[in-house]
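There are two complexes below, and they share chain A, which is joined by chain B in the first and by chain C in the second.
Moving on to the complex of A and B:
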């Protein structure tokens, strides 16, 4: 199978070329000025913070604010904290539910829109993307209102079909995280849809025509032609989904702030709690390092087992 | 026969898409609906409640310095978009076309950013920006936003430029073009559709970013729009209509902007993924 459809690119290698011609060594090295700004931004705002957070995670503070060397003490404290494991569980649920559901709904929408609509194509593409563009703060407050017991429209809608919830979805220990996941899926499905639309459009027309002549349509067309050809999109959505899961913050912070009783704690709110509310910089840094390790580890696994294509268009196959 | 079936199928699919789209938009419709309610029926558990009033908008616009927050968001977002496009296109040009020695290592290093979740950087960024004295200043957000946006833009630009036939650049060089002229006159115009895509996407993400803004913009006059609802949710407890008017003022301009530019956005996305 070729990868020329995929919305991904190979991290390829091309040999340095002897271009520009006839340059002095000095002039040639001056060309690095083109790369320096990007490297500077990376070094200051990404590289340095990563090193800082690793270093700081090895220190703790006394009640009087004096810092002392704690070795792996912060990590030990984390591993013994039930909240840490709750957070880990919530993040696993978040990723395992959000990513596939978004891919399925987004993929179906993309397929329906690209295959069946003509004049209304732009309208549907735009409408389903609206939540992605809507400010997440706005989304959080609106959904809080939707979920609200007594006067929320979800409750009203459920009453219509004879279902009455005698508890708050966001306020209950067992349901809070799922209520948040639903909002997150709603917010980001349009993004998956658009990625699949790009993927579908990258498939050469002839492949569709050939499949039609062969009598493949519907499920068979999807299963044997489209899904394999869209594997690049799947991979980027998986990667983006994992990183997106690990950096979840505003929805949870604004809607439950990790509660009730840490039942909906995610890494973002957990870091905020210790780093800013409680002023435990060392512990917050240790959590950050765990997040970095998870992100790097999962990315590594993905590259190891699914290939090195990376977000963009055609792989060099 | 088959075409008849296809036409029937098309009707059903479009009907389903339309129905689903209406359901999909309920939260946004609900937001607008509440913002247009009087305090009396603000808690009415229906999607629509009458009578409608625009008084809430008048209240929040006269009582709050929303324009100031709007301008803060605009400055931060616009500066980030320009920085990302400029820095990323230069770097992608150097990597893909000039192919400087070591470029692949530079590219691989920058890619690390794509797998770093922002949540892990918030604590160190707050410490760093505190030391730089950039808390409550525009560069305090523009810097990190740009740094997080540049690598993604480089990936897209580089992929696009990699497909470009090299002889054009060689010809330009032989004609005596400097590397800067080649960038400015040839490469940048070439990237235009992708610049539209990257710029719009960067605009959306920076405009809506919440976590870092919460930590960096702690003083009132410097806050960006996403921080505003927290400020006022207590104040309008008894009149949610006013709070939701603020939400509409925050969300609707960006939604409208997207509707206006969605053609450019989608074309850029397709261009980025199709051509080649």
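Moving on to the complex of A and C:
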């Protein structure tokens, strides 16, 4: 091979190598173009509203409708407001009580139905799931009748054991939020049950058989077999429970509207009160931003401690 | 191409041609409809009654089509308005309450003064009941005398009692607070709900308080919310103390704090399980509901209104309190549509209003109207008594939303025993001061 041939070969080789490499790079770059629709969608429907809410939270309005720059005034007002702290307390109670209670009762129901029923399985599954698909308006009216101390169903039951309810659970400052939490648990436990039923049915039968042979039953079976194998369901329910807590609105709005005297206020009703009833869009936006920050913080904690794999891993649930 | 593909293709072609033909056919017939002017209306006003009003209007305006969207007041109507205002897509006419709601949407509303003067003459305002006139302007910035909403219907708030229960228990209509407590105890001891109060929904609390406050110091409630008097004035504190006594003396039902006036209270009242209830002139409409209706509300034969009893033995009962039940505003979009004003005018002073009154929906806002449909002598008597009261009624509405919210929280706090009357009203005073920038 001459020197000229060698150069030709080298040039030819470089050309041969570079052309597909450039094409590959171009193709890789072109792949990013496919993200544009998703990014545009995110920008329009998520990014822009968030920025708009943040911007709006920096303004306030007079009772005569004139808008003025308030800077961080809405946030300062919020932090000084006892109602805001009451709302925060209520949201914490809501999440801390409803999520674990729904999971425990839902899990127990699922286990009982799957283990101890045969022909009536479908009936029980449906019956416990009915509240989930029932209109929240109907639920609110029914539970108002249950709680009514004068003629309510609860009072009728208490009368049988000689007790008289002389105050309204929904109308009392100390009990309103707990009365609502009970209704929420009743409404959504069927959903947890359904998730656990799906989880239980995904566990291979052999594992149960092997556990029984090894003598595991009751608490030991739950602690060392079921709970670890259902961790995906647990994490999903935790995630959905937190989202549900932050989105709580219709039940509270219909049953107490945040009262009495803000005792059952939740973020949804608090935002609605200022944004829609009072027309204070700036203050309502400031509350929304706080909720956003809170949601972001909770999401971060979930990702940090629970990871994200359970959301997409197959076979867990 | 196989046979199946040909059949599919032929079928698709035929369908397309048929669709085209149908489309062309409809398009050919359409011009008559397209020429009609459309008026869009959003409100929480009863759909059935509005339908009758629209029917009457369209009969005399054949080239106009009115499209009515009914919403529940809260949250549907409030959220729909907010979203539409933000996107500049408000309908031509929107239902409004005086004060708070009108002020929130004032930037989107057209002033109605010149249109009203053109339609009804320069003295058009004299045709409207005085309390409604004042409420139309409530909350306007100082110096702004524009009218942004017109009253469609008025109301007088009062107490109602079940005449049959009272007769059965040999009870007299209470004229004093002592008699009220006596009657309440008698009702309770016979298994009836004495006076049903839906404390969980704030409007009934406001109404009862206003009746009490206007008995103690007429007009002071209105002055306080305008910042012209202190909420901590002795008269208003005393009214709040009386409010609290309605709970402690057993006038209101046990558990009133968690109850709602509608639908629960109203149903119990109509079914004859409640002795008394704070409602208003609109209660008459129950008599016109489609059957089946409870026997007591047929012709209103089981009910009669009375004023809040005198707080002292020789005192006077509460004066009438009331004003605009529901009103309407013309949006800036609607101001560009002449038919929209025509329909709005008919709703407040025309065939539309007459249709509403015939359904006994409530009282008129313009003087000179009365139901022309057949009603019982009992209803007719009550109706005209309410009209008489409306002429000198005190204002029942709030001008400013933050003041109203503070008041609702305060009155709820007193009812729940969490706040003292003075402590509660101090909170309202602080909210009023902040809202008005004093």
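Keep this in mind: the second predicted complex is superposed on the first by the 263 of 317 C-alpha atoms of A that agree within 3 Å, B and C clash if a C-alpha of one lies under 4 Å from a C-alpha of the other, contacts with A are read in each partner's own complex, and residues count from 1 in each chain.
The rule is simple: a residue touches a chain if its C-beta (ideal position, glycine included) is under 8 Å from a C-beta of that chain, and two chains touch if they have at least 3 such contacts.
Because the structure is a prediction, the values reported are computed rather than measured.
Trainee: Determine, under the contact definition given at the top, whether A:46 touches first (chain B), second (chain C), both, or neither.
Mentor: first
Trainee: Which partner does A:145 contact after superposing on A: first (chain B), second (chain C), both, neither?
Mentor: In the superposed model, A:145 contacts both chain B and chain C.
Trainee: Have a look at where A:73 lands relative to chain B and chain C in the superposition and call it first, second, both or neither.
Mentor: Neither partner.
Trainee: With both complexes overlaid on chain A, does A:275 touch chain B (first), chain C (second), both or neither?
Mentor: Both partners, chain B and chain C.
Trainee: Counting touched residues of chain A, say whether chain B or chain C comes out ahead.
Mentor: When the residues of chain A touched by each partner are counted, B comes out ahead.
Trainee: Now for A:307: first (chain B), second (chain C), both, or neither, which partner does it touch?
Mentor: After superposing on A, A:307 lies clear of both chain B and chain C.
Trainee: Of the residues on chain A, which ones does chain B touch that chain C also touches?
Mentor: 141, 145, 150-152, 253, 272, 275-276
Trainee: Going by the contact rule set out above, which residues of chain B touch chain A in the complex?
Mentor: 9-10, 13-14, 16-17, 20-21, 24-28, 30-31, 34, 43-47, 86-88, 90-91, 93-95, 98-101, 103-104, 106-128, 143-144, 146-148, 150-152, 154-156, 158-160, 162-163, 166, 169-170, 173-174, 179, 183, 204, 207-208, 210-211, 214-215, 225-227, 229-230, 233, 240, 243-244, 247, 250-251, 254-255, 258-259, 262-263, 266, 269-270, 272-276
Trainee: Mind pulling up the chain C residues that touch chain A in the complex?
Mentor: 74-75, 78-79, 82, 100, 103-104, 106-107, 139-141, 193, 199-202, 253-260, 263-264, 273, 399-402, 405, 408-410, 412-413, 415-419, 435-437
Trainee: Write out the stretch or stretches of chain A touching chain B in their complex.
Mentor: 4, 7, 9, 11-17, 19-21, 28, 31-32, 34-35, 37-39, 41-42, 44-46, 48-50, 52-53, 56, 109, 112-113, 115-117, 120, 122, 124-139, 141-143, 145-146, 150-153, 155-156, 186, 194, 197-199, 201-202, 239, 243, 246-250, 253-254, 267-268, 271-272, 275-276, 281, 284-285, 288-289, 291-292, 295-296, 299, 310-314
Trainee: Which chain A residues qualify as touching chain C in the complex?
Mentor: Result: residues 62-65, 141, 144-145, 147-152, 165-173, 176, 179, 253, 255-257, 259-263, 272-273, 275-280 of chain A touch chain C.
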